[in-house]
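In order of appearance the chains are A, B, C and D, and numbering begins at 1 in each one.
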Amino acid sequence: MDFSCTEEQTLLRNMVQSFVSDNYDFDTRMKIVRSEDGMDRAIWQQFAELGLLAAPFSEEMGGLDGGPVETMVIMEELGRGLVVEPYLPTIVLCGGILNRHGSAAQKESHLPGIIAGENIWALAFNEPQGRFNLADIVTSARAEGDSYVLNGAKAVVLGGPWADKLIVSARISGNQRDRDGVGLFIVDKSADGVSTQDYPTVDGGRASEVTLENVTVSGDAMIGDASSGLDILEEAVDYGIAAICAEAIGQMKMLNDATVEYCRTRKQFGVPIGSFQVLQHRMVDMFMEYEQSVSMTYMVNMKLDEDAAARAKAAAGAKVQIGKSGRFVGQEAVQLHGGMGMTEELNVGHFFKRLTMIDTQFGNVDHHLKRFAAA
Amino acid sequence: MDVDFTPEDIAFREEVRSFIEENYPKHLGSLDRGDMTKEDLLAWHKILHTKGWVAPSWPAEFGGTDWTVTQRYIFNEESARHGTIPPMPFGVQMLGPVIYTFGNQEQKDWVLPGILSGKDWWCQGYSEPGAGSDLAALKTKAVLEDDEYVVNGHKIWTTLAQHADWMFCLVRTTSGEKRQDGISFLLIDMKTPGITVRPIITIDGGHEVNEVFLEDVRVPARNLVGEQDKGWTIAKFLLGNERSGIAGVARSKKAIDRLREIARGELENGGPLLSTADFSRKIAELEVDLTALEYTELRTLAAESQGQGPGPESSILKIKGTEIQQRITELTMEAVGNYAAPWVPQLDVGDNYLAIGPEQSHGVSQTYFNTRKTSIYGGSNEIQRNIIAKMVLGL
Amino acid sequence: MDFSCTEEQTLLRNMVQSFVSDNYDFDTRMKIVRSEDGMDRAIWQQFAELGLLAAPFSEEMGGLDGGPVETMVIMEELGRGLVVEPYLPTIVLCGGILNRHGSAAQKESHLPGIIAGENIWALAFNEPQGRFNLADIVTSARAEGDSYVLNGAKAVVLGGPWADKLIVSARISGNQRDRDGVGLFIVDKSADGVSTQDYPTVDGGRASEVTLENVTVSGDAMIGDASSGLDILEEAVDYGIAAICAEAIGQMKMLNDATVEYCRTRKQFGVPIGSFQVLQHRMVDMFMEYEQSVSMTYMVNMKLDEDAAARAKAAAGAKVQIGKSGRFVGQEAVQLHGGMGMTEELNVGHFFKRLTMIDTQFGNVDHHLKRFAAA
Amino acid sequence: MDVDFTPEDIAFREEVRSFIEENYPKHLGSLDRGDMTKEDLLAWHKILHTKGWVAPSWPAEFGGTDWTVTQRYIFNEESARHGTIPPMPFGVQMLGPVIYTFGNQEQKDWVLPGILSGKDWWCQGYSEPGAGSDLAALKTKAVLEDDEYVVNGHKIWTTLAQHADWMFCLVRTTSGEKRQDGISFLLIDMKTPGITVRPIITIDGGHEVNEVFLEDVRVPARNLVGEQDKGWTIAKFLLGNERSGIAGVARSKKAIDRLREIARGELENGGPLLSTADFSRKIAELEVDLTALEYTELRTLAAESQGQGPGPESSILKIKGTEIQQRITELTMEAVGNYAAPWVPQLDVGDNYLAIGPEQSHGVSQTYFNTRKTSIYGGSNEIQRNIIAKMVLGL
C-alpha cells in the first residue's frame, strides 16, 4: 500500500504547476476563452514541447510511457488552472483508444501527430437521444465493400471545433442500445459529408454538434472490431472519468483554499466571517468532501487496469463521489463568497461552473449510482 | 379550519384569469428570458396600472386594490400560472410602503403615482462592498450643506440600476456610538451629476446587477424620507417587506410543471426520464416540500389577515422558498443531460444558436447558475437562520 | 381560507391538555408502559367520561359529531403526553370504519361499547409478507353458506393485546395484491381459532401477531362488501395517517421546546451551548421541520373528505413530511442533549422512539413518496 | 502509488483468517448481542493473548506484534469480516499507550501484563455531569494526604464500569488559573471503599454505561501516572488514540453485507426489497461513501507508516465513520418494515420472544437507537468539526 508519488511524478507535477502558474493565470485563461478560437494553439505547442502530450504513450511511438498516475497528476494541475485546451479529448480519450487498441498502422499514422501537437482529436460518442448510455447509438455504419458509410448525428462533442480528427461510435449491426455491433471509426473532420455546428460550453470550452451524411471511411479506419467497439468505448470513458476526477480535486482544492482565505479576511459585524461557527463547519464539510474525493480519485486511477467489471465499479463509484462533492464544494464556495462568488470577474464562479459540468460529463450521479449498484 | 375558497373567491379567480389571458402581451414570454428590454419589463406593469391592479398590497387610498389576503394570494397564483412578468419590486414592493408609511405628503404625492404608472423606475441603494449581510456597516456618506446633501460612496449589487430613474439609498449622516444610528434614507435622481453605474456580469452571463459610484452627488434635502439619522427603522421595515412574497410558491409550481414536461420529453434508455424511479422520486420530494411551504405561507397570510403582521417566522418562507427554487433549477439542468453544456447567450455566435439541442434545454444551466443568488441576496439564508434563532427561539 | 380553531375546538384542546398534564406525566406514563397490562384501564374510562371516545361519532349513536379537526386536536395533545392508550386503533381506525361504513346494525351493536370505553378494538391489516401494501393479503376468507371461514396470519397488530374485537382484512377472491376481492371482517378476539402472540413495541405500546385458523364469522360481520373492502381500508389508513401526523407535531413541539431549553441552560466552555451558532442553526432547522409538518398536518386533515385520489395524495404527502421531519427532529434532539438524550430516564429518547415508529407506521417515506408520485 | 498487497501481506491474511476460523469460539456470536457476560466479552481477548496478538499497536517490547501498518489493517479487516469481539478498548487502546509512554517502570510492570492477559478490566473515568464536550471543566477532586489521594466526585457515561476492576481517572488536584492545569491522571481500584456504580439504561434498553460516584476514595500516591497537575497532556494523548480506528470501515462493510442479505429476504410487492430502485440506490450510496472512507483511512495509515502520526485530519474518520454506521443501522431498520416495532429484549416476556417476526428483524431497532451514541461520544461530531476548523483549516 503506497499513496506517494515517485520522484519523477513529483517533478512532473512541479513542472506542470509552474507552467500553468507562469503562463495561464486567470486573466489569460479568460482571454483565451473569449477569443475567436477559444483555445491557445501556442500553449498547445508548449504542451508538446514539455512532453505533456507524450506522457501516456509508449516509448516506441515517441511517448513517455506514463500510466494513470501521470495522467492524474497532469489533469489535477490543468484543473487548478481551469485549462481549456483539449488534453482530455485528444490525449486521454482518443489518444488512449489509439494507444491501447489501434492497429500498428493506426498508431504509426496518428500518434506522432498527436504527440507533436499537430493534430487535435475529439471523441464523438454522445447522441441526442442517448443521454448517458454509451450503447444508445442510432448513427449507422453500413458496410459497402471494404468501406463503411456513416450516417447520423453526434451530440455535444467536446473539443469538436478544434479537432481535425474524430473517433465516432456508430452501429454496424443490431438494435439501438444493443451492446454488440458498435464500431469506432476514425473520421477526418474535413471528409465529405461531415458538418458541424460549433458553440461554447458553460465551462469555457467549445463543443460541436456533428452531422454525418453518407460519410465514407475505409475499413482501416475502424478501431478494434464490431464485437469490441463498445468495450473499447467504455474503457475510454472510464479513463476519461479517472482523468476528470483528478481535474476536479485540483479545482475543489482551489475553491476550498480560496474560501478559507476569503473568510479569514472578509469582515462583517466587525469580525472575519470565518469566525462564525456555521461557516467554519461548512468549510470543514467542504474539506471532508475534498478529502473523500481525493481518496476516490486515487482509487480509480489505481484500478484502471483491472478487469472490466472492477474498473467499471471503481469508475462509477469515483464519479458518484466527485459529482456530489464537486457540486457541494462549488455551491458552498459561491455561497460563502456571497455576491462576489456570483460574478464573472472572480475565478470562483468559473471553478463552480466547471465542477457542475464535471458531474454531467460521462454521466451524472444518478447514472453512475445505477452502474455502481449493477456492477 | 378550512382551505376551501368561497364562491366569491372562485369568481375572482375567473376574473383574474381571463383578464390575464386577454391582456397579457403574447410576445413577452416569461421572466426567464435574459434579454428583456426596459420596455418589455414594464409592459405588463403598465397594463396592470391601467386596470388598477399594479399594487394590490397597498392601501386603497394610495392606489391599492383593497383585496382580501385570499384575493391577493389568488392574484399571485394566477399571475405565476401564466408566467407574467411581475411589476418591478423596487417601487411597488419596497419603496411604496416606505413612502406611505414614513414619507411626508409631498413625497407621497410625487413618488407613489410614478411607481404606479411605471414612469419612475427605482433601484435599491443598500449594499456596499463592506456592508453586505452586515448592512449597518455602510459607509456611503451624506453631508448636509445648506439645503442639499452631498453624497459620496459606493453601492454594489444594485439590481437593474442600468434602467433606473431614481435610487432609494441608505447613507450615513452621522457617525454615532451605535452603528445603526446616524443612517438616513435618501431618494436620489440617477441623472444627478457624479453618479456612475458600472455593470457586474454574473456567472450566468447576465447583466442584472451593478455597482453605483457616487461622487459629490448633490441631493435636495427634501428628498430625505423620515428623520435624518433615523433611517435604520425604515431600512428594517423595508427588509421585512422584502421577505414576504419571496417564497415564490406559485412560480415554483409552474417551474415544476415545466420540469415535468421536460423530463417527459427527455429519454433514458428509450423511455421518458420522468418515468424512472430516481427522477419521479426527486420530483415527488420537491412537490411535497413545496406543498408544505404553500401551506406555511397560507398560514402566514391567514395570520396576517387577522391583523398579525408577518413576524420573523416569515424567514422560513425565504429559506425554504429559495432552497426549493435552487433544487428545481438544479434538477431541470440534470434533466437535459448532455445538453446542459451548451452556453450560447453568453457569446454572440450568430442567429442559429437556438438550434443547439432540444428547445427545452436552452438556458437551463444559466437559470441554475443565476438561481444560486437567491440564497445570498435579501439577507443570506445564514442571516435568516440567525434571525429565527434570535427572534423566534430566543437564543 | 381559515386556519384557526373554533371556540369549541380550543376548549377541547385545553381540556385534553390539562387532563394529560394532570394525569399523565412522564413518570406515570413509564409506570403504565412497564406495567403488566401496558395500559391504564382507568385512564381509558376517564377518556370515555370526558367524551374523547365519543368525539368523532354521530350524535344519533351517542357521539359528539366531531370531524378531522377534533381528532387532530386530541391526537396532538395525546402525542405531547406520549399517551399509549389505544385511541388510534379503537377510535380513529376501527371506530372510523364502523362509523363511516358500518351497517345500521353494526353501528348499533358496536359503537356504544366503544364510546362507553367498554370495548377496545384493533385493526389487523398488516401481513408478514405484505410490507406496506394494504392489498398484499394472503389471509383468506372462504364463503361457506352465510358465513366466512378465515385463515391466515396478521402482523404487528397495534393494540392487539388489549383488544376484544378485531377488524381483519382478508381475501375473498382474486390473487394476492389484487385490489378487488378484499373483505373487512369484525372478529371477536375470543372466537375459536384466533390466537395471538403479544409483545411490547419500541415506542411503549403493545402489539400482537394474530393467527386465524378456521375462524368462522357470520356474513353480517363483513363491513361493506368485497368490492369496497380495500377502499374502506385505504380510507381508514389515511385517517390514521392524518391522526398520527397530529400526534407527531405534538411530539416535535415537545422535543424542540425541550432542546431549546436544554441548550439555554446546559453550559460547556463557560457558556450555554445554545450560544454556539451551529447548534442555533440546527435548532432553527428543527423549528422549520416542525412548522412544515404543522402545515402538512393541517392540510391532510382538511382534505380527508375529498375524493379518494385527492385524499390519497394529501395523506401520502403529509406522511412523507412527517416521516422525514420526525426522524430529523428526533435525531437532533438526542444529539443536542448529548448523553442525556440517550437515557431511558429522560422523555427525549421516548419521543425520539415514537417519532421513529411513526415513520414506519402505515408505510414509511419511500412508500408514500411512490404513492404521492403515482396519485 | 499502489494498493496491491504484497505476497507477504497475502500470506499474512491467510494466516490471520485461518487462525480466526479455527479458534474463534462458535458460541460467542458478534458484539451486536446485547446480553454478553464479562466472560463472553473476554473470551476472544484471552485467546488472542495466548497467540500474542492482543495489542498489535503496541511496541513489541511491551507485548505488541511489530506488525506493519498494512498487517494491522489486514488483521482488523479479517477480524471484522468474522465479526469477532475485539479486545476491550479501555485497556489495550486507551490505557496501554498512556502507561508505556508516561508511566514509570513499576506501573509498566503491573499495568501492562494485566491488560494483555485480560486479568484487569479497565474503565475510563473522564466525563462528568458538567464536563462532557468540555472535558477540562471536570470537578472530581483529589487531595493528597500523606501518601494517598482522597478522591471525591462524580463520573458519568462510564462504559462497562459494572465489569471493571480498575478505572483510569482524571481528577483535579489544583485549581489553577487555566482550567487545563491542575488535572492529574490516577489509577483507581474499583474495589476501594467509597465507590458506587449506578447503571444508566439507554434508549435501546441496554446497560452499557454507568455513573460512578466517588466518596472519600483513598488512592495510593504511586497510582499517579506522570506528574501531578500535568494530566491534561495525557488526557489529550489518550483522546487522540481513541479517534484512530473509530472509522470502523471493515465492520461497516460487514454490516452492509448483512443489510443486503436482509433486503434480499424482505419483500415489496412480492419481489426482494433489494431489487427496488430506492433501496438499491441507498445501498449504493452507502457503499460509495464507505469506499471513500476506506481509502481515506488507508491514506492515513500510509502516512502513519511513513512516520507521520495521525493528525487532526483523522477527525474525518470519526465523523464519516459514525455517520455511515448510523445510516447503515437506520436503513437496516427501514428494511424490516413493520417488524421494526417489536421490542422484546427490554422486557422479559418469556422464552419464545425470538419467534416474533422474521429472525433477521430481531434487534435492528435497538441497534439503530444504540448507534445514535456514536456521534455523541469520543468527542461529539460537532467537536470534531471544531478540531478540523481550528487545527487543519486554521480558522
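Observations, loosely collected:
Methods note: a residue touches a chain if its C-beta (ideal position, glycine included) is under 8 Å from a C-beta of that chain, and two chains touch if they have at least 3 such contacts.
Keep in mind that this is a model prediction, so the values were computed, not measured.
Judged by contacting C-beta pairs, the busier of the interfaces A-D and C-D is C-D. Placing every chain at the mean of its C-alpha atoms, the farthest one from subunit C is found to be A.
One simple way to say how far apart two chains are is to compare their mean CA positions; for subunit B and subunit C this gives 43 Å.
The centroid of the Cα atoms in subunit C and the matching centroid in subunit D are 39 Å apart.
If you average the CA atoms of subunit B and of subunit D, the two centres end up 53 Å from each other. In subunit A, the residues touching two or more other chains are 276-278, 281, 370. Within subunit D, the positions touching two or more other chains are listed as 278, 281, 382, 385.
For subunit D in complex with subunit B, the touching residues are 276-278, 281.
Every residue of subunit C that touches subunit B in the complex is listed here, in rising order: 1-5, 69, 260, 263-264, 274-275, 277, 280-281, 283-285, 287-288, 291-296, 298-299, 301-303, 317, 320-321, 369-370, 372-373.
Taken together, the subunit B residues at the contact with subunit C in this complex read 1-3, 5, 69-70, 73, 280-281, 283-285, 287-289, 291-296, 298-299, 301-303, 306, 313, 316, 319-320, 382, 385-386, 388-389, 392-395. Residues 127, 130, 132-134, 137, 156-157, 200-203, 205, 209, 266-270, 273, 278-279, 333-334, 337-344, 346-347, 349, 352-353, 355-358, 365, 368-369, 372-373, 375-377, 380, 382, 385 of subunit D touch subunit C in their complex.
The residues of subunit C lying in touch with subunit D in their complex are 34, 126, 128-133, 136, 155-156, 158, 176-177, 197-203, 207, 209, 267-270, 273, 276, 278-279, 331, 334-335, 338-339, 341-345, 349-350, 352-353, 356-357, 360-361, 364, 366, 370.
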